[in-house]
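Note that chain A is present in both complexes that follow, paired respectively with chain B and with chain C.
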Partner chain A sequence: MRKHFRRFAQFTALSSLVLLSACGGAQSSGEKDANGAGKVTADIGVISYISGPGAAYGEAITNGLKLANEEINKKGEVEINLVIEDSAGKQDQALTAAQKLMNSKNVTAIIGPTLSTEMNVVGPEADLNGVPIMGTSTTAEGIPQIGEYVFRNSLPEALAIPASIDKAIEKYDAKKVAILYGNDDVFTKSGFDTMKKAAEEKGLEILTIETFQKGQSDYNAQLTKIKSLKPDLILASALYNEGAVIMDQARKMGIDVPFVGGNGFNSPEVIKIAGDAANGLIVATPWYGDKDDQKVQDFVKKYEEKYGKKPDQFAAQAYDALYILAEALKNAGDADRDAVRDALAETKDFQGILGSFSFDKDGDVVMEPTVLVIDEGKFTVFE
Partner chain B sequence: MLGELINPYYLQVASFILINVILGISIYITLSTGQLSLANAGFMGVGAYTSALLTLNFDFPILIGILAGTLMAGLFGIIIGIPTLRLQGVYLAIVTLGFGEVLRVILVNWESLTKGSIGLSGIPHLGREILRTFKELGFNPGVMGLQNNQFIFLMVFLLLLFIVIGIIWFFKRQNRSRIGRAFAAIKLDEKAAESMGINITYYKVLAFTQGALLSGFAGALYAHVLAYISPADFAYHRAVEILIFAVFGGSEVIWGPVFGALFLTVMPEVLRFISEYRYMIYGLIILVMMAVRPQGLIDVHLLNWMKLKTKKRGKEHGTANQKSA
Partner chain C sequence: MLIEQLINGITLGSIYAIVALGFTLVFGVLGIINMAHGEIFMFGAFIGVIVTSTFKGPLWLAFAAAILVTGIMGYLLERFALRPLRNKQGVSHLAPLISTIGVSILLENLSHHLFGAGNHPFNNTFAEISFQIGSITVYLVQIVIFMISVILMYTLSYWLGKTKAGKALRATAENLETASLLGVDTKKTITMTVIIASAMGGIAGILVGMAFNSVTPQMGLSIGLKGLAIIILGGMGNVKGAMAGGLILGLAETFIVVYGNSGYRDAIAFAAIIVILLVRPQGLFGQKISA
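For the complex of A and B:
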């Protein structure tokens, strides 16, 4: 019996050692390649939401990054080695993943994490350690303002929402609006704050502000009230799953005014769920897959070949992010964290699949969003 | 020398383990009187928000914030405890779960104070504040060959380690005192305990409040280690997570939840190399555990058996071998 126990103890000790060393491996390779003059080799860390309820976002992001990585390495100017870590959508997991990347893997820069809540935790830590970090899907207010080393290339709500509201006002001559938003989600709440501010700035009369909760299935109370007030536009800060149901119930009730949505509402799923009721949804997006541009079409084709589905905005933003970083690495000429940060900050008029892209002084996005509308069951450019 | 050994990644994971150990103990205390309470996540939220708001808005030192958070959670424990402890078993679980949800909804809707679901960011960080204090005293971590961030995480880790050892020591002692005996008696049979002259309401509220104090304390620490909190952190899934520490590790002895918290926090990190599959493996391990050892991994029998083993060994092979046992 004792022997058994000892065996067991030895086995556990050994196997845990093996496990630990398995995650410990791979040292930094942040040095210049000796023979290829000027060729920069760098480890880039990725923190992504790969497991859990939001895993679809993380999957799209990592797919986009991997595709970009292959192409960049093939070109041969820069050699990037992606180190991908999962955050499971949790702040503490994202933070430990970031610590691992920064301290154990000695990465040059980090792409991610996926959610703005995670970035709120990881951003300050990366900034303190002097590691450039770029969010590809963090759209909430105040993210790049965390510090000098924090960037993002995802179109913030503060740019997207006013753009779509502007176009809608122009077209429908709207004066009175009703706002509807989910108040228990960071994403929709922050979208609402932006919406309200934009509506006030443009001198729209806000008839009512209604709230709902995640997972709610009956919106008749809110919609009845909105209907009686006869708004010209409905601003809805919702994620697509709730948003689609809202549109469906609104159309059934006879509300036929257009909806303006935030970034989370922008998904082909809306059409799948709501069908014809989705017509008249206006969203601003950095990504439009049917754009008449060679780069965009090449990307869509390659992505579809490789992963068997069409890329969404998360994949596209991640794809561009790695290209922006590669450009910065090339300009820095060295995988030094500070040099890369400075080169990143200087990014200007970068031509990617999302269009022309620059960072402002905070590391936030400067670009022109495309405004789309759902018309006859398809996203088309809103004129 | 020392600088090369200290990796903030491991220290960060260790800090989360220690906070989870405190949470594990907090549910163990209430379970030790036979009450199944799921309010611990709520109390954790009370502690975290109290401390965060005090340090953010009124510039209180972190120490005072954490103490205030702990006491506030304890106060909530008494207020919630007295009426709800008339309930037993699953009914108590339902009501305490309800408390957690109510609290979350309040945090989401009280926007002027809590910023709603966006959460509080920029909370003073425990380690960074310690570093600042040390620097003001004229101490530079460079003397020990440490970089600033290594020093920060080392300090947080050591502080938490001392706290956790203190807490475990306290509750081990309490278990052998009149209070611990009363808890055990109530757990085994409330009626019998009452007829023996134990004031069961008093002891039940005491256990409930101790649990609340500990969760509030852990919550306050969590806020100052992560520097960002939002209502979603203290929702239903957190309550279940805390419960799993006790269910997995065992709730009969204090080492059960301690081990549960340790194991279940380390596991996702160790399994990182299989990235997207790691939560499947994690789930599988828990499933197997439930089937094989429903009382939890560590129970009294196991501890006794281990004690017996080590004693025998010591006799047979002399003291030199005791280390390897």
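For the complex of A and C:
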């Protein structure tokens, strides 16, 4: 026994290392194109989270991009080639992918990466090389402030969360809240900071702050504690995979107060995973699939036909991002990186499926979020 | 609240214990850390999801299917990843460990392709049955999980201690060659052990699916590592130790959330394990063997 034990102890570290590196990556690469006459032709790099625990995000994002790409190329004003690389949600892999795209593939601009953590390393590198980069899902604080070449079209938490908290306070006359967040992810952590700040500004009493980790499956301990404190609202900064399970376990336990979620919590998947338990989730979103708008309905229809599921906000934001970039390419009239950056910065009142969109001076989002609530298994406008 | 948290802790601990029992069984006989055990557990959970949610089958069928599939996986694991490495000249004693790591990576990626990246809900009416005692909600699933873990522990103890097959297994664990000379079919014994351990992983997978309504391809890794920690804590290869270790870890994790900061949940639970091992290096139930 003792021999076995020692042998085991020696190799625990080794084996966990091997396991950690176990998430491999599927990669696809684009082709170089010949310059078409009279129209702007450009290679656009895409860095996305295609394999690993968050692969669902990368899948939605690349689906949205591919759909937009088809339509844009069909229109014929601009010819875009997408060169897609996998980051596996890891900073180092995202950086390697970015360097490959910028240096050997010579792309005009980059869309991605998926996570704010990745953008924090890729953004400065792109800025240094003078390559315009646009995040479609990076909502943490400070992303567009990285540099002149860094943009995003994803609604930051700092805009979305206070909007939904405001509405919830108004409707439910909430005074006491409990906060629950994932503490191992920059995205959910930044959402938590925004929630805490918003709650303090609005004079809400914070009863407790609980945390969880990605991929956890048992939240009963935290939820039982929250239940005993009887909050009026639960603010949950979680991604939808964890968030949906949290709501399911909370409802089973008899917690029936509304949840206010961040951007990552906003997905039709929540309803699919949690079912009736998802009722009462309030989120602010740039994307509302049932909006009475021809553009939105067309997009939903095409997306469903092509991929067999409803688009979420990650698909929608990616879709709009490529259109914004195409517009900038058209206005720049040339696939030159600096010209495209300047044209991007001038984007104003762009009418996409997310609504009217402009960049502010930092390259951050200017738009009005819609506040939604899940009611009877459907996202509806929260009033 | 305290009683509810106690129930939460015991439920979590029982699941850890069942996972750890599978680990401890394989280690006890073969001296191999089966790194693929967590992934086999995950497959069990997915089989449960498929039978109950996709095919709307009854729960007993889900258990039967999960036991069958994970049992077969156990057989394949033994046949193709472990047996070829046994009793061969020049094979490093590390080789079986590495080969089970390979199997675990294979299975995780396989499930990624087969089932997709997202979280799969476990829709089952059985998981909804609950009763109220005062302000406390107790789910039948929680009680069932605890019962199953206790039953498995006692059955295993009895089987190992009293039956002929169990004695053959212990003889094999003691010394493969001697047992073989004395007429024990060691090949069969080893294969059976891996199959039983895997099937127990499958059972644990379904129980987790029912209790937490959350099944993902990544769930095997963290629970696998916890299962390993538990068998070290309880004493390698010891059935009662696996049970006690599982309950200790489950309760520790839960009560750290109650009285402390949920951010330190895993850190404190594992720090406690380190302290226990410093005092009792052979584990709680392990025997001291002078080398």
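Keep this in mind: the second predicted complex is superposed on the first by the 339 of 383 C-alpha atoms of A that agree within 3 Å, B and C clash if a C-alpha of one lies under 4 Å from a C-alpha of the other, contacts with A are read in each partner's own complex, and residues count from 1 in each chain.
To be clear about the criterion, a contact is a pair of C-beta atoms (placed from the backbone, for glycine too) under 8 Å apart; a residue touches a chain by one contact, two chains touch by 3 or more.
Not measured: the values here are computed from a predicted model.
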Chain B versus chain C as contact partner of A:Ser228, first or second or both or neither: second
Which superposed partner A:Gln249 touches (first chain B, second chain C, both, neither): second
Which of chain B and chain C A:Ser164 touches, first, second, both or neither: neither
Touching partner for A:Asp185 - first (chain B), second (chain C), both, neither: first
Which of chain B and chain C A:Ala55 touches, first, second, both or neither: both
Partner chain(s) touched by A:Thr138 [first = chain B, second = chain C, both, neither]: neither
Of chain B and chain C, the chain that contacts the larger number of chain A residues: C
Overlap of the chain B and chain C footprints on chain A, listed as residue numbers: 2, 5, 16, 19, 22, 51-52, 55, 183
Complex contact set, residues of chain C against chain A: 1, 4-5, 8-9, 11-12, 27, 31, 33, 35, 93-94, 97-98, 101, 104-105, 108-109, 112, 116-121, 123, 128, 130, 137, 139, 208, 211-214, 216, 218-219, 221-222, 225, 228, 232, 236-237, 253-254, 257-258, 261-263, 265-266, 281-282, 286-287, 289, 291
Interfacial residue positions of chain A with respect to chain B in the complex: 2, 5, 16, 19-20, 22-23, 50-52, 55, 84-86, 88, 91-93, 95-97, 99-100, 102-104, 117, 120-121, 124, 128-129, 140, 142, 183-186, 189-190
In the complex, chain A residues that touch chain C: 1-5, 7-8, 11-12, 15-16, 18-19, 22, 24, 51-56, 59, 183, 210-213, 215-222, 224-225, 227-228, 241-242, 244-245, 248-249, 252-254, 269, 272-275
Chain A contact footprint on chain B (complex, rising order): 7-9, 12-13, 16, 105, 108-109, 116-119, 121-122, 125, 128, 149, 226-228, 230-233, 268-270, 272-273, 275-279, 309, 312-313
